[in-house]
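Given below, in the form of structure tokens, are the structures.
Two complexes follow with subunit A in common, the first pairing it with subunit B and the second with subunit C.
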Partner chain A sequence: MLKVDHERCTECRMCYIVCRELDINAVYIALEPLHRIEIDPEACTFPGCTACLMYCPAAGSIVETETGRSVVPPPAEAWRS
Partner chain B sequence: MRDLPGKELAQELIAASRAAARATPMEDVITAADGGRLDNAATHRLIGRLWALERMFYYIYGGWGQGLEMNDFPPSVKYLFSKQIVDESTHEMLYMDLLLKKGFVVNQKTAFADPACAFTVNSSLAYYVFSLRNLATYPHTIRIAALNLGPKVLELAWTEALATSVDDADVKGAFASQLVENRSHVSMGRRIVEEFIAKPVDAELARWAIGIATRDYCRYLREVADITLGRPLTAPTPPRVRVLD
Partner chain C sequence: MHKLLEEFLDKWVWPTMPGAPGAEFRLKITRERCIKGWELNLARTLADIEEELKTSDEAWKKAHALRGYAAEGVHMSIKQMSAQLLSVDIAEQEKYIDLQRMRARQIWDECKHSKLHADVLLGKGWVSDERELMDIAQANVQPLPAYFGLSMMFPHIHPLARAAQNYYTEANACLGIMAYLHLVDDPLVRHEHLSQQDEELMHFMEGKFQLDFYCTDETSQRHVEDALGYLLYQIGGIAEAAPAAVR
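So, the complex of A and B:
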């Protein structure tokens, strides 16, 4: 599972655009806290899809929920899965 | 602090728009929501039409941005404009999230062809969009005055009313969360008029541009209300002057 690290995220919304374009729609605009980017773990297909990790320009802004490990840029195993 | 030259003009323009803000065609939709008559199908049509306009702002602001030059205005004016572009994009995303979450559309691709969400040239939506886009050739201060002290004041009023009237928590949240940005856009417009519209000729131009933008916005809102409530579309008012050659 993935989540956004709001200390590092620049809210550029590239993840949102690519996720919507691929029709996965896991990235969404939260109403609270006001209009922050979030990832819906129910809809996210990671590690099946890693598109947002490749488009994200801010290293460390998307992390594994369980370990807190940064997956931006995508780690080597993401390319093999 | 010194008195800003356009202070009185800004107050005049905001007061005029506020006076008209609760008399727009959206009042019919608000009344329907108050009476619990805004069912899922009507909500789909409402959000679809609002999304269709929001996504056209990428096109409108793109044209306005091309009309900006280096050093024509201080950086603060351009910062406020970039903030407004991001906010408008946020609202577009909020409406799309809502369309997907409520199952009104299967995905973004199908939304473009959905009758409630589609953009068609022969519509009041297109008329309003082209009207705003047309302001690309006017000074940035004039077009910001036209949008932010005209339609944005009306939008703030009906959004606030709908956020109170609708029962559905998701729809209510989408409207309520936009209020902070809509209020900010009106304040940005006020500040820009106060600071940069000083000459009488510019003040007249701003009054004219607000009149045009508000008229065309109300025409779009009439279409939104008609489509949302399943009414036949209201024919536009014929122009007062016919151009013959």
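So, the complex of A and C:
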């Protein structure tokens, strides 16, 4: 599973655009006071899909929920077959 | 290859979404054309900075800030990108709605960038109010032809032509920022660059996304290739990138 690190995320919304373009729609605007970008773990298909990682410009802003490991910039296993 | 370019390529250029329909085209133009331009631009920027750092006065910082103010934000970007937003046909709005969103966001980013250049001028005491810049010619002129600037306000080439500018030119911006942060200690100059870093990288990512997802047919790829040729040859002065008719 993936989550957004709000200390690093710039709210540029590239992940939202990419996820929507692929019709996965796991990235959404949270219904909380700051209305920040979040990733719905039920809809996100990571590691099957790694598309948002390829277009995120803010290093460290998407992390693996379980390990806390940053996946931006994308590690090799996310894109090299 | 310079280590800054190698770092940029490894982190942001080579990672590619598996199955992205336009990725093969993007990687082809990257290998065959962009890297050459990025290498040259980075080398020029590093050499310029090294020369600038040899001088004992701060005139170069003022010249940079004035030039940056003219090139980004209130003058260049609002006019250029608004024209590009308006030039997408109604019938194509649905297809390019995310492209439109990204470009609208970019206008706001570029306005912040012009403010950062103004911060240097204000912080160094060269102007006392941003409005004074309206009366300073250097803060209002661009030395380059305006293929993507004012002259394109009416005939827009193709909605995806700008993907070449986002991908190629914004990478140069990112590399320039890396070069300044690598060599310059002045806190205001670092601020001028550091606080643009994520946004310039986002603008590069817009180009990468547009190429990977939308540039999948001969027509759009031809427009990107043409725009890239312009950026490399007319703007960049790279002779090998000249159109066949010129060579």
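Points to keep in mind about this one:
Keep this in mind: the second predicted complex is superposed on the first by the 78 of 81 C-alpha atoms of A that agree within 3 Å, B and C clash if a C-alpha of one lies under 4 Å from a C-alpha of the other, contacts with A are read in each partner's own complex, and residues count from 1 in each chain.
Convention: a residue touches a chain if its C-beta (ideal position, glycine included) is under 8 Å from a C-beta of that chain, and two chains touch if they have at least 3 such contacts.
These numbers come from a predicted model, not from an experiment.
In the superposed pair of complexes, A:13 makes contact with subunit B and with subunit C alike. Using the contact criterion defined above for the overlaid structures, shared-chain residue A:23 touches subunit B, although it does not reach subunit C. After overlaying the two complexes on the shared chain, residue contacts for A:31 are found with subunit B alone; subunit C is out of touch. Contacts of A:57 after superposition on the shared chain: subunit C is touched, whereas subunit B is not.
Which of subunit B and subunit C touches more residues of subunit A: that partner is C.
Residues 13, 20-21 of subunit A lie at the contact with subunit B in one complex and at the contact with subunit C in the other. Within the complex formed with subunit A, the subunit B residues making contact are 89-90, 93-94, 96-97, 100, 107-109, 173-174, 176-177, 180. Here subunit A touches subunit B in the complex through residues 13, 16, 20-21, 23, 25, 28-29, 31-32, 34-35, going by the rule given at the top. Interface of subunit A with subunit C (complex): residues 10, 12-14, 17-18, 20-21, 50-51, 53-59, 73-74, 78-79, 81. If you check the complex, the residues on subunit C that touch subunit A are 10-12, 15-18, 20, 98, 101-102, 105, 198-199, 201-202, 204-206, 208-209, 212-213.
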